[in-house]
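The two complexes that follow have subunit A in common; it is paired with subunit B in the first and with subunit C in the second.
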Partner chain A sequence: MEQVIANGLYLGAQYALIALGLTLIFALMNVLNFAHGQMYVLGGFISYTVYGQLGLPFVVALLASGATLAVIGALMEKFLFRTVIRRSHREESTMLLAAATAFFFDAVILLLFGEKQRGVPKIVKGVFNEAGIIIPYDRLVVGALAIVFIAAFVLYMQYSRVGRAMRALAQDRVAAQLMGVRVDRYSMIGFAMGAMLAGVVGGLLVTITGVNSGIGGPISIKAFLMVMIGGAGVVGGAIAGGFILGMMESVGLTVLREYGDVTYLAIFAALMVFLSIRPNGLMGKPWG
Partner chain B sequence: MTRNRSMKIASVAAFLAIVFIAVPAAISLSGRIDLYYTLTSVALLSIASAGVWLTFYIGRINIGQGAYALMGGYVSAILVMNHGWSFWPTIPVAGLLCAAASVLIGLPILRLRGVYFAMVTLTLTEVARLLALALPITNGAKGIVSIPLPGALSVFGLTIIPDFATLQNSRLAFYLLAVTLMVVCFAVMYRLVQSRIGKLCQSLQQNEELASSIGVNIAYLRVIAYAVSSFFGGVAGAIFAAISQSIYPSSFTVTDSVNFMLNCFLGGLGYVFGPMLGTLVLYFGWDLLFQTGRLQLLIYSGLMIVLMLVLPNGLLSLAETTRKKA
Partner chain C sequence: MINRRSTLKSMVLGAVSTLAIAAVGIPSAQAENKELKIGFVGVTSGPAAAWGTSNVRSMQTRAAWLNETGGVKIGNDTYNIKIVTFDDQKDPKRAIAGMEKMAQEGIHYVVGPNVDDGAAAVRPVAEANGIIYFPYAFPKALYQKPASNAVLGMIANYQSGPAIYKYLKENKGVKTIAFVAANESDPLSQRDSGVEAAKALGLQVVAQNDTYQNDTRDFTPVLTPIVALKPDLLVLSGVAPANAPLLIRAARELGYEGLISTETAQDAKVLEEGAGEYANGFISVGGASTPEIASDAMKEFVARYTKMFGEYNDESNTKVYALEYILETLKANPAAINDVAEFKKTMDSFSAPNPYLKGDAKLTYVGTTSFGQKRQLAVPMVVNEYKDGAFQTLFVGTVD
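This part shows the complex of A and B:
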């Protein structure tokens, strides 16, 4: 039992960090970033290259992942999404763009890094084994780091000038613009931050689960699930959604083990019922 | 007005002549029989995409068409294999069952809007795949294979469609079947969009609250539109299963659902025939790029991004701008 909860918390911390990036981009731009999972994979491969191949310290690898993805995110916003949003009659058109960028990243990742599963040496050796809970130390470190990043993100959004501007933008774009917020600039920063978060999680998790070029799509779907549970465009919702999904996955894998691979089926079914009762998730704004 | 009308009739006639006479003639002259399979796929995929387009028309982003295509394929396959049905009645049955399922699913989820609906339908595709893996009747990951070719269809002893297995060229037969259905499907769509219901659907797309306040039954309308959409998906899936003579849980996945949506975007969301053009361009584009080998996906997605930047309102918006200038 304790083991199940511990696993759930560990999964939840990672998931929440993934969902945060997706929800941030959605809140600011009203863009559903299909390429989020691919950004995660890219971050993972960059960490793999820097830490696993070049042998630099892990912190450098994480920084490299985050920084590269932030630059990519900023460029994507400036040259792709902003243009399409301006020219298109319907804002859904950004979804085609997002899906196309997801395919594009898939292709780039495949060309640059190949299709093999890649892993890196453990960052910390040894296993924590007390009170009936068994967790390898590296998972503890990664889980703790994820929680630190989440806390830092929340504090940044709450207390910094940039964070305040972004929150205003998410609340009401036009009003924020009228109050003198530089909408274009903060959209770009927000997109860059969302992408950076995806890259950082990818970098963190490459030390545990490794990375391969095919997992981008499934990661995106998981991120969508969390955002739906918590409500799109809300920071608190993304965190809650992440922990709830992590916990459900952990419990489901234990309880439903004898029925075969049906955990995600059960989660999807539960989600459908839940959404028909609360269409906006736990904390979502009506109609995002 | 009459000139406009005769123009329309002429273009429809030209289109029919091309798909039913010119294309088979050109293929038999050039000997590229493999093109039949490609074009059949395009026709079927454009039927499924037409369904997605219809949900776009009521202002919903539908990424769940793969679920209904998969369901339609399984319904047809199971009826043929386990219950000894002939293939032909399974087409409407598959469509109707999908429509019925979509009413049940749609009643709760059509209350969602925007990205919520998009994400829920996306997970619906995953649900369908996982269900197909888990249910005993679908035979798990092994799928249902060696489905027989469609048999003869006769009404009152008169053979309308011959047995596909006895035909020398079953590819041509499948091509004609798929194209006929595509023509019917788009004729229905065109009629639907021009009708009173079509106008009401457009009002949903623009503002549901306003439409509701002037007495439009929005809940009923959107369920109807979604059911028609899923019907198309089911029909396309059923025929796909018959052509490939097999169906697996991975026959229609999230990628397919996303592609159906992309077809609509590429053709243009404001045009009934957008999904047809979008499917043709995307499918052929993908096929043509096959020679580039490893770079295929890179070029394909790169072109898609460029196309999106240049023509964010779809390929058919090109015709509109040139007409305005003239």
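This part shows the complex of A and C:
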């Protein structure tokens, strides 16, 4: 059982980090970014190229992934989403745009990086094996980094000027604008940060799970699940959703293994019941 | 008076005339050849993209090679080969649309689809439109009478699995075996036939219900309970090349010390990058590229593929064969070029030299034992063991 809990906690930290960027963009702009998984994949391939192919330090690869995706996110907000939000009053317009960008990224990534699964050398070798728990050291490092990134993100949103402005924007866009918050500027920064987070997680996890051009869609779906559990647009909700999903997956795969692949069936069934009782998830929207 | 508008008009007319003369008046070296279209319907995007992409690229490499060397002589005509591709995205509905597109283009020979449900879905379209297709899918109903238009393009797991388990039982002392498969039709059916074969050999099956979602990225929770059972052999039934290194790595990191095998083709580079030295000893089924058996033609194919696409895919060791069989059979009976009934007649007695293997190996159609009729390509059943970035031949088997 110790191993199952350890697996769940590690998965949870990983999932929570994946969901953060998605929930940030949703909170700021009410946009469900269907391309979040593709951004993760792009971050993974950039890390693969910089660290795995060019042989540069892993930190450089992570920075490159984050910076590239931040720029892409900022450009997407400025030239695509801002225009659509300005011209269309229908919310589904941004959803369609997000879906289109996801397909676009899928095609570009396949063209640029090919169809094969890619992996990089381990950043730390060896396996922790004590008290019935087996965890490779690189997972411990990645899990710890995930927690550090989550904490840094929460603190930044709570105490920095930019973070306060984005929270104000998420709570009430019109009121924030009337109080002098530059909506366009902070929307762009928020989208860039959300994309950067996706890129950093992709870059980080390429050391554990590798990356391939086809996993963007499934990653997005898992991120949506976490956001639905925790509550759309709430940072705490995304973190809680990530850990809950990670733990459910780990426990389910052990307890239900004799019955075939029913773990996700059980998770989806539980989610349907849960959402019918709490449609806004655990923590609802927006930030408090 | 010459003004700007008339100057522009003259320039446009001049350019168009030049292009027209170039197109009509200067025939290219290959323009005298006729064109033979061969289709591909399979998956070239998404998580299983590697399966179909290795098909398409093998066909494109071989076609370019043949066209460059003057085309293919079939009967009294020489043809340039054109590969027409359709990405079915692993969706049976799209596979049907793809096969219909092939029919509309007048294509009679199609490679693919890559998975069971796609291969089953296209059967009515292929039979109604006179198309012979070469799936990489294992359901026997596709190849047994009354079906007659599908030809299995590779070795099926129910042919290679028993051979691998028997070898490991006799040579490595394997007594207990565990299976894990993705929750999809192909891997599950491969798992079920693997379990059946293992039991028939007297092996003790300690796990057979463990499955995972095909998009799983972290397999530690999936493998934790299986590794605790300490099987002598862990079979990754129908594992996709993208998942194999992740499963191997997770099992080894959890302390698993037994053997790991699969009946699907894998890629050495993917294993090296994803699992490193953990992949040493991993057993899979490959084609004809191991140094012990590859001919010079196979080496040239690998070189041309690498030059054309930047990187070779070891799955193409098997997938190089389908186009070769189609063309060689058409050469043997040119009447089959627009009549698949003629093609079927020729299959029963067809034999040609296998250009990709050393020695006097032959291209023939097999499958009589498994399907009751010759509806399978005789590709080499090479069981490989991965070692430090490359495959080594463990043993070579045959199918009749």
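Note that the second predicted complex is superposed on the first by the 284 of 288 C-alpha atoms of A that agree within 3 Å, B and C clash if a C-alpha of one lies under 4 Å from a C-alpha of the other, contacts with A are read in each partner's own complex, and residues count from 1 in each chain.
What we mean here is this: a contact is a pair of C-beta atoms (placed from the backbone, for glycine too) under 8 Å apart; a residue touches a chain by one contact, two chains touch by 3 or more.
These figures come from a predicted structure and were not determined experimentally.
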item: Which superposed partner A:Val60 touches (first subunit B, second subunit C, both, neither); value: neither
item: Touched partner set for A:Ile5, first subunit B, second subunit C, both or neither; value: neither
item: A:Ala151 touches, of subunit B and subunit C: first, second, both or neither?; value: neither
item: First, second, both or neither for A:Leu110, with subunit B first and subunit C second; value: both
item: Which superposed partner A:Lys122 touches (first subunit B, second subunit C, both, neither); value: second
item: Partner chain(s) touched by A:Met228 [first = subunit B, second = subunit C, both, neither]; value: first
item: Partner chain in contact with A:Glu92 - subunit B first, subunit C second, else both or neither; value: first
item: Partner chain(s) touched by A:Phe268 [first = subunit B, second = subunit C, both, neither]; value: first
item: Footprint overlap on subunit A, comparing subunit B with subunit C; value: 106-107, 110, 217, 260-261, 264
item: Residue ranges of subunit A touching subunit C (in the complex, touch as defined); value: 3-4, 7-8, 10-11, 14, 52, 106-107, 110, 114-122, 127, 129, 134, 136, 205, 208-210, 212-215, 217-219, 249-250, 253-254, 257-261, 264
item: Complex interface listing, subunit A residues touching subunit B; value: 26, 30, 32, 34, 80, 83-84, 87-90, 92-93, 95-97, 99-101, 103-104, 106-108, 110-111, 217, 221, 224-225, 227-228, 232, 260-262, 264-265, 268-269, 271-272, 275-276, 279-281, 284, 287-288
item: In the complex, subunit C residues that touch subunit A; value: 44-50, 53, 183, 209-213, 215, 217-218, 220-222, 224-225, 241-243, 245-246, 253-255, 267, 269-270, 273-276, 310-311, 313
item: Subunit B - residues contacting subunit A, complex; value: 56, 61, 105, 108-109, 111-116, 118-120, 122-124, 126-127, 130-131, 133-134, 254-255, 258, 261-262, 265-266, 269-270, 294-298, 300-302, 304-305, 308-309, 312-313
